[in-house]
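Both complexes shown next keep subunit A, but they swap its partner, so subunit B is in the first and subunit C is in the second.
Right, the complex of A and B next:
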């Protein structure tokens, strides 16, 4: 009896939703405690003040709240874009490139057509161009996957670099003023091709568009025949073939949608808020979106919270580093700690630990125990 | 055997998976020089119990004594050190290695590997017990039965004297089964303790000395095989009296429904899977398909269902009113669009017939979700169908919203068969419809199939249990290496004859 295991891990059958959320909540509380500890040890600052600063960084002023909303909208839009592909187990990590290429298409329309067509037509053309560019960028790897079973993860990743290089090239072609290496604000004076502003915030339009898209995506995935086909293909291609679903067609159709939504994100970024294009306009959100989509278990409504959390953490971390004049990496450390706990909590939702005590073995020659699970603790 | 010390004593073994109690304070004694048959329905905890003995699972509670000494078995290595070896249902061999290489794989013997010595030792073991293994043969060249032999020799090579075999005959022909049984008897004579997990009654009666029965994770009892019979054992397994006979109604007005001619199928890598297969399936009749696993059964059914590219041949569907349609070259949608209701219960239930993570309702609409022009799916009628299937086939499920993966094997199959039958098919294809199902569930499925037959459906039933095939089918098509070895009358043929035809084209007839 000298080498017994005192605990083991087993898969949970099912957990009521409230217990799952209790575990997640506990993870966030724990994360905040650890963050506080880390903060005190490393900086000597008062953790409560740090949290207050984080909060202020996200919501402190109306402008900050709007920026938070804008960042959330764009991240959510890209997350929505990758989700149908993910539900189909098509690991599209090329959202970054799809956003970039559509941003480029949008900027190209604004630069080249500004003086030639009326403003309303320009907006129509650049919207179509952005969406089409994103869709094409996504459908290329989808075509090769459907036809030749190429690996979509590598393919979409590589497409990112192509998009970045294309943007870098055209930034030099269109740079204003010459030699600056940037395009600058496009059509600053005429505002041609700028998406209309609702009220006095230039961010409201983006937020509304993405809000509507979120609901549409939720309905599309859960209640339409297309959404059902995506789920079947994702779960098992053999089942899909067995019931006569044309798998190739579903893959291509879904990636067209996925890319088109990245196109919307590019359009909103260039036409709606930034009015310029740079190689960093997507800002890594194509990859963060992957995390948002997974954290939300591919549920569009849950993605609102997931992207809020990530944007909030990012904005808060920024604020901390400026206010306390800490290195920017400190904010990243806190974000990392919090994400570690949130993702780690999924382990405790899916698995449980059993501890067993000596009593469970029963003494040699004992009678059958009267109770089944005595001396056992569930975590 | 009163005074013999058991080789293994399992006491109060309890194992829980999530909320299910797989083993509930099970007691089991295993003796040397004896073959113990461990009987039980599916999910009764037989395999779980034996996995704890062989170190794959660790009991939540209870203890294990080997030769009277309490032991802790934490890994298969611990089990081997105690002389316990298990032969699993799914072989764990490296295809590109030879028999001898597989046998020594994972052994940490000091020094260089002496292939000659290994081969010598393997030969010695084979001679002792009457195995037929060539140590230098590559595994990919072996038949299923040879692979199984390698698994057994592997265990013996490691010095095991307590052997556990998990459903060893599921993949064997009757002749191979006889050979295996002879070997097991030799091992018994040599004083080894042998446990075989099975639910085939006639094998228990033919082979074992003692029977232990589990039901719902609990130990029901054990007895000497000589002092019991199939009916009594079945009743113990199920917990109430059941009938073991399978009904075989006379076919009513059989007419040709499906005419297959010269069907030839090649796999993706160019291997001939079916060669020149011709037969006719009649309405109101069950055509059984027998054959060693991998003889082309899967390709045959998938070719008919429009899922398998065909090299040449013809599959004609003959309508009751005299019309006909060539199904070859059509995919499942085309076939349905042509008005042919062809239902297919595939072998891989959760990987092909159903979507494991989806609930009952969503699985019900797999075939019908396209109905109507609305872009939205209608979940109302599938839900009605799901509750209908649940109540008519007495599927035991906590609700319609549960992922089918969580249901037990028998219930999964009821859901699948229920959906396929609900389409009111004219042709029903089933592949291993009762594989892994317990007696009760199997009889439910036979009943459903028989009812389809009585309604005039042409049923093609691919099976592996020859006893069942002989009891259920009107005619039996025997496949051997992708060719038709013969078509025989299910009422007059014998198990031996079919077994011969499975291993040799035409069986005995051409000798």
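Right, the complex of A and C next:
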């Protein structure tokens, strides 16, 4: 018997932007519908109340809006960090580790230098230390890639675990009190090394810093020679070499930048808001950032929306599990559903489904030509 | 191409329709006249008494993990029990589970304040600095933190610590262990001088040291030849490490095992090896019917009720509150008669009465020695600092005054008869 597929898949040509966004929009709508359905089946709640709760979780109070802004800023900052490397086709999935190690460096300065140097100097030192730590953590795999062609995906991934274990070790060294397994708020009474607060909100500084970085990164990638070199290396290393770009140098330089930006994220987290360090301080954002960067097609301005979307959904899903007294994992399930649809929509943007209509099959029972003809050979 | 576009458009239309229709529903509902047959979804038939302060009260609970941790489950159950006993309506309490010991704890507490909570409880030691941070910012809200140590030195009128005299519970559990050891010696299972207990602790931290020492003293008060070996896992919850630690102690010829860690690792290892086990946090009898003897636990409901009532009556909450056997905070589970020695229940009741009456002290200095000598003076680290500097004399009237100068334990004396196998943590 000859079994024909009822559809086949082909690669699309570039879609006009409005159609691509229509597909994405439809995916989000579908995701929200499925989320509402799942929640409704489990809790019997009115789906509208579910959406309202999601919205309230993200914007319900001024504080919630600020926290949303803070989470958005940190995620965006890490996304910006991984982007130049990705444009270069250097798969840096070590942002988590780079943020962690810079958070550790920042905390170390705050703990060890608090009583020894004036506060302004401490802030300068810890900023430098954080950025340097992140940069070093990123440049190690870059060096090996440039020199020995090692696999950067595995290398950066492994560096995450090294960073996590280092943080775990130092948490035990500096834990207060011994046996608690936590450092607690560093310099809670003196506030030494805490980044200054702008106005009433302790989150505003982080948001402003990341806002400026976003614009700078956009300019860097699109309007500078460095940005152009990154794009050329990403397209083809051979072309890059041919036109006289020193590929090794570009790789190392770009990863230094990547790591340094992760360092800024670590600095803002520890010095700006959390004032502590834990193994979970990056909270998986080093990996979520990969998704943000890809969803935004490596465009820093589009990343604002992509990270807003992910943070909004995450906060909303959490609120649902709190308000409807569901297990915390329920929020993760909803986020999973939403991400599934969003990532799935990229498939429909890049590929096209061709359905076979009745006409293609011809009248039932009639002979029709087939391309393969293997089935036919037996007839 | 055209087809996909039309499918897409259709989908968008359906979505728009659904959203559109949905958006209209509440609007029409509000326009309905009040005299509708359908029961209006306004308040349940709760007797809304305007003068009842209880109806305005809102309480928030912050938990480190969720039901899957025996430690947090113990708190969750107490919170549910308290809210039910208080007759709170659904919107009068908020539970937030899986709140890490970081900035998230402050955010959760602050959001609870925004939501109108006037009492906020947190259950994990590492939440303390964030609770203090929130307490400084919201002086009109009461922040009550279990297991913390800083309330009495922080000087905040709205920040409080609580713990329970769980060392008394462990002493009683130790009595049950001693009875079991005696029974095994009499049955000729081993010689009296081989009565060695194994104990798995999380860290070499006062809470754990106070726990295993009181357990050992309880056992030795019944079985005078008992000795004990303690090993540490370096984690409050690590099933594999706790299981391995139990197996190590069993291989080391320990005749009975107890633990201070939150997983089922040690109890299940004991069940497999057929070694009697005294548990913690709650009964493990279902999983270990042939080896479980008894378990001590802290019941947090009395504290929750105490705080809520104090706020309702406008009374002050002390910086430190220590629950006892008498307040119902220190509890022991039902004894597993199949494993425990005969007369265990009666003996434990007798000892408990003596403890409540004050006739018996767990840490009476004539029951233990340190480096061969009786302890006559000890400076304990009551006012927490990183270096554990002793600051308060805690021995008076012939016993170590545990949990009196602050609620969290501070007994960290290493007594004779207990061998620490590894102190890496």
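Structural remarks
Criterion: the second predicted complex is superposed on the first by the 349 of 379 C-alpha atoms of A that agree within 3 Å, B and C clash if a C-alpha of one lies under 4 Å from a C-alpha of the other, contacts with A are read in each partner's own complex, and residues count from 1 in each chain.
One rule holds in what follows: contacts are C-beta pairs under 8 Å (C-beta built on N, C-alpha and C of every residue); 3 or more make two chains touch, one makes a residue touch a chain.
All values derive from a computational prediction rather than experimental measurement.
When both complexes are overlaid on chain A, the residue A:184 reaches subunit C alone and has no touch with subunit B. Touch criterion not met for A:344: it reaches neither subunit B nor subunit C. When the shared chain is aligned, no partner comes close enough to touch A:196: not subunit B, not subunit C.
Looking at the shared chain after the overlay, A:328 reaches subunit C, while subunit B stays out of its contact range. Contacts of A:242 after superposition: subunit B is touched, whereas subunit C is not reached. By the document's definition of touching, of the two partners only subunit C reaches A:176; subunit B does not.
In the superposition on chain A, contact of A:232 is made with subunit B only, not with subunit C. Of the residues of subunit A, not a single one touches subunit B in one of the two structures and subunit C in the other. Across the interface of their complex, subunit B is touched by residues 1, 3-5, 8, 10-14, 223-229, 231-232, 235-236, 238-239, 241-244, 354, 356, 360-362, 364, 366, 368-369, 372-373, 376 of subunit A. By the touch rule above, subunit A contacts subunit C in their complex via residues 19, 22-23, 25-26, 29-30, 33, 47-48, 61, 63-64, 67, 172, 176-182, 184-185, 188, 273-276, 278, 280-281, 322, 325, 327-328, 348, 352-353, 355. Remark: subunit C residues 1, 3-5, 8, 11-12, 15, 18-19, 22-23, 25-26, 66-67, 94-98, 100-103, 107, 110-111, 114, 125-126, 128-130, 132-133, 149, 202-208, 234-236, 384-386, 388, 425 touch subunit A in the complex.
Here subunit B touches subunit A in the complex through residues 11-12, 14, 16-21, 24-25, 58, 60-63, 70, 72, 74, 305, 307, 331-333, 336, 344, 346, 348, 351-358, 362, 365-367, 369-370, 375-377, 406, going by the rule given at the top.
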